[in-house]
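Letters A, B and C name the chains as they come in the text, with residue numbers starting at 1 for each one.
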Amino acid sequence: MMAKLTIPEEELMSPGHMGCLGCGATQAMRYVLKAAGRRTILSIPACCWAVMPGVWPNTCLQVPELYTPFETTGASISGIRAALDALGQEDINVIGFAGDGGTADIGIQALSGTADRQDNVLYIMYDNEAYMNTGIQRSGSTPIGTWTTTTPVGSTQEWEKSPKKNMTAIMAAHGIPYIATATTGYPEDIIKKVTKALSIKGTKFMQIFSPCPTGWKMDPALTVSITKEALSSRAFNLFEIENGAYKVTMKPKKTPLKGYLMKQGRFRHMPDDLIAEVEADLDSAYENLLHLEECTRKKA
Amino acid sequence: MVKELLTGNKATAYGAMLARAQVIPAYPITPQTTIVERIADLISEGRMETKFVKVESEHSAMAAAVAASNTGARAFTATSSHGLALMHEVLIWAAGARTPVVVVNVNRALGPPWSVWADHQDAMAQRDTGILQFWCENNQEILDTVIMAHKVAEDPDIMLPALINQDAFFLSHTSEPVDVPDQKMVDDFLPPFNPKEKLDVDDPKGFGSLVMPPQYMEFRANMARSMDRARDLIRKVDKEWEGLTGRSYGGMMDMYRCEDAESILFGAGTMMSTAKDVVDDMRNEGRKVGIARLRIFRPFPVDEIRYLADSVKAIGVMDRTYTFGQGGPLYNEVNAQLYNHTNQPFTKNYVIGVGGRDVVPRHIRSLFDDLEKVRENGYGEEGEIHWWGLLDGKTPREEM
Amino acid sequence: MPGTIDEIPITPINTTNSTAVKTGGWRAFRPICDTDKCIKCWSCWKFCPDVSIAIGEDGPIYDYDHCKGCGICANVCPVKCIEMIPENK
């Protein structure tokens, strides 16, 4: 019997990579490459993905990849695109693939420059909500209440105190033509959005929520199912912003936030009143998203 | 060739145009700004076919240039002072990635205190990055060096980035007559950039990955060897350029009236033009003096320094900056080359002209006088490192 | 692997497919599929982060040289036909 597959069969990521058990970021790469195809150049800064392809001379990636300093992904993909334009090779996809720290924190300046110039590139932030490659330190993308090695939970309760940085809103403020969120539990959705992004000229930004069992203190077998609970608890939302118009691409039935949190050691210390506070904020952020969808509809 | 009146910054832009730089990511900084302005003009006038990426910082300028070079395009950028300091990380990266990006640096002091004037700390602080360093004393040399530096940097045996230095305002904003070589001649001299390895979707490879300790050292040794090989190539390219234009910059070092000289001054940049003028006068007076001007700082002109050491009695080393700890950078380098050499002339360090302070003919003359005096009588109260012309509270500023 | 400075490229250029690296040794639990129960939905193939499942006639074919034993396949299987067996048994 011929297999009926819902995502492209061709693999541009090989086994033998250095990703941890159940790594969401490797799934993200696998799906992005399935969508982008062979005529793609990747730029990867310091992050898990700087190590996972393998130690020289190995690589698990079947497309050309350029490793760069931590904060330079935006500038690097702009440089690649400028060179391709100069060399008359305009039909090649240029994709930056950076972690949340490399995007929301140290790389935000160069990314802002790229978006401001509307350079024709796709920037992908694979979001595992902390600096995982260096060993689980908090980043701008770490949500409230999270334990990390720099937000330890001792008697003084030094867990992460500030909300997850809203990168899509920051990118929307740059007026770029396409922004989307996605998660590794929905590969078809990633592929659809990457394909769409690559069909649009200008700067495109995607935030792919990618579970990290190691950093989230979670059973690696739960990498896929946890993304479904992240969505239903509103810890992460799937939407697109196309030319300023918001579209919520998945509206799952609400489940309690606590169910999502308690499966992960990084949240298990959170007291009920803090969970209630965070849940109210996440619910209101989701409502806000629906309002944005409503009031930007005409623009679509 | 056409003779035009060009500032150092315009000469820089013309150099990039003649070298057919394909990608120029750049960010403005005083006193480099007129370079990026002129490049923008040349593009808008249709005289230059270049992708000009208006980045948001020097760090991104260099990062985009490196990525463009990795993609197979000739990349160029220009900066100054704090901009070069901000690039530091990516200069190291460019060298390790073996991307021959050419960077023109307008030498300017770093703050605080804020200063926009000529000073060599910016470039000297990049000594250990693995970038080739060319130093210029006039605007013709800047234009010529942009073209020559691309040729040296892009050679398959070298493949290292290059930094070209020109003094703030003394060159960047001063007009001089410059021969603008014709494009055909430059094209014959400098073929299109065609690296052996580049990002290529038809032959996918990864560039710059993690390397384990058993291999990392070999990559660094390979870089060191390329840097050493650059000496001969720089001499050869200088000769080739001389054959085409009649202009040589001395290969690895610019020696001026050093034959039979007993005392020489060694230093970098525009103050050495002044010094050459003074040497002419002093030679007329029968003084055996000469000038060695730094042309290449990396790789260091070891043979040239030792060659001079075999004939001169004293070398005064002029540093337009300091290393804060022990001596000016050029002084330390010169002494290092002499320690394992048979002939060791007397050396003294003159820290001078820091932060754009004028270096005028009488200073040069007094340096030679001092050098001869201390060679005979010992260093005296000032010691071997002398901050020349510091205000003493008694002498009027203009006398210092 | 090339070693001397004459043999190495000027900068690390990665060309060897990582398939040469056998990550199967990391595995503590081995996935076993009961192909009689398998409905060939290929969720296991789709979600495998280690690209270690091939599409076979009767169900998933595991590449035990590379499978790290994360258990995602067993977790996502809608008919629960994949079992994770301890490697030491």
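One rule holds in what follows: contacts are C-beta pairs under 8 Å (C-beta built on N, C-alpha and C of every residue); 3 or more make two chains touch, one makes a residue touch a chain.
Because the structure is a prediction, the values reported are computed rather than measured.
K.L.:
Comparing the two chain pairs, does A-C have more C-beta contacts than A-B, or is it the other way round?
P.N.:
Here the pair linked by more C-beta pairs in contact is A-B.
K.L.:
Where the centre means the average of the CA atoms, what chain is farthest from subunit B?
P.N.:
The chain lying farthest from subunit B is C.
K.L.:
Just curious, how far off is subunit C from subunit B if you go by their C-alpha centres, in Å?
P.N.:
54
K.L.:
Whole-Å distance, subunit A centre to subunit B centre, using C-alpha means?
P.N.:
43
K.L.:
Approximately how many whole Å separate the CA-defined centres of subunit A and subunit C?
P.N.:
From the centre of subunit A to the centre of subunit C is 23 Å.
K.L.:
Going by the touch rule set out above, which residues of subunit C reach two or more other chains?
P.N.:
1, 12-15
K.L.:
So which bits of subunit B are touching at least two other chains?
P.N.:
In subunit B, residues 205-211, 215 touch at least two other chains, as defined above.
K.L.:
Give the residues of subunit A touching no fewer than two other chains, as numbers and ranges.
P.N.:
In subunit A, residues 53-54, 56, 59, 62, 65 touch at least two other chains, as defined above.
K.L.:
Of all residues in subunit C, which touch subunit A in the complex?
P.N.:
1-2, 12-23, 26, 40, 42, 45-47, 49-52, 55, 57, 63, 65-66, 68-72, 74-76, 84
K.L.:
What residues of subunit A sit close enough to touch subunit B in their complex?
P.N.:
Those in contact with subunit B are residues 38-41, 43, 50-51, 53-56, 59, 61-69, 71-72, 74-80, 82-87, 92, 109-110, 112-113, 116-117, 119.
K.L.:
Where on subunit B is subunit A touching in the complex?
P.N.:
Residues in contact with subunit A: 22-23, 25, 50-51, 53-57, 59-61, 63-73, 75, 89-90, 93, 199-201, 203-212, 215.
K.L.:
Write out the stretch or stretches of subunit B touching subunit C in their complex.
P.N.:
Against subunit C, subunit B makes touches at 96-98, 159, 197, 205-211, 215, 218-219, 221-223, 225-226.
K.L.:
With touch defined as at the start, can you tell me which subunit A residues reach subunit C in the complex?
P.N.:
It is residues 1, 3-7, 9, 11, 13-19, 21-24, 26-27, 30, 53-54, 56-60, 62, 65, 187, 213, 219-225 of subunit A that touch subunit C.
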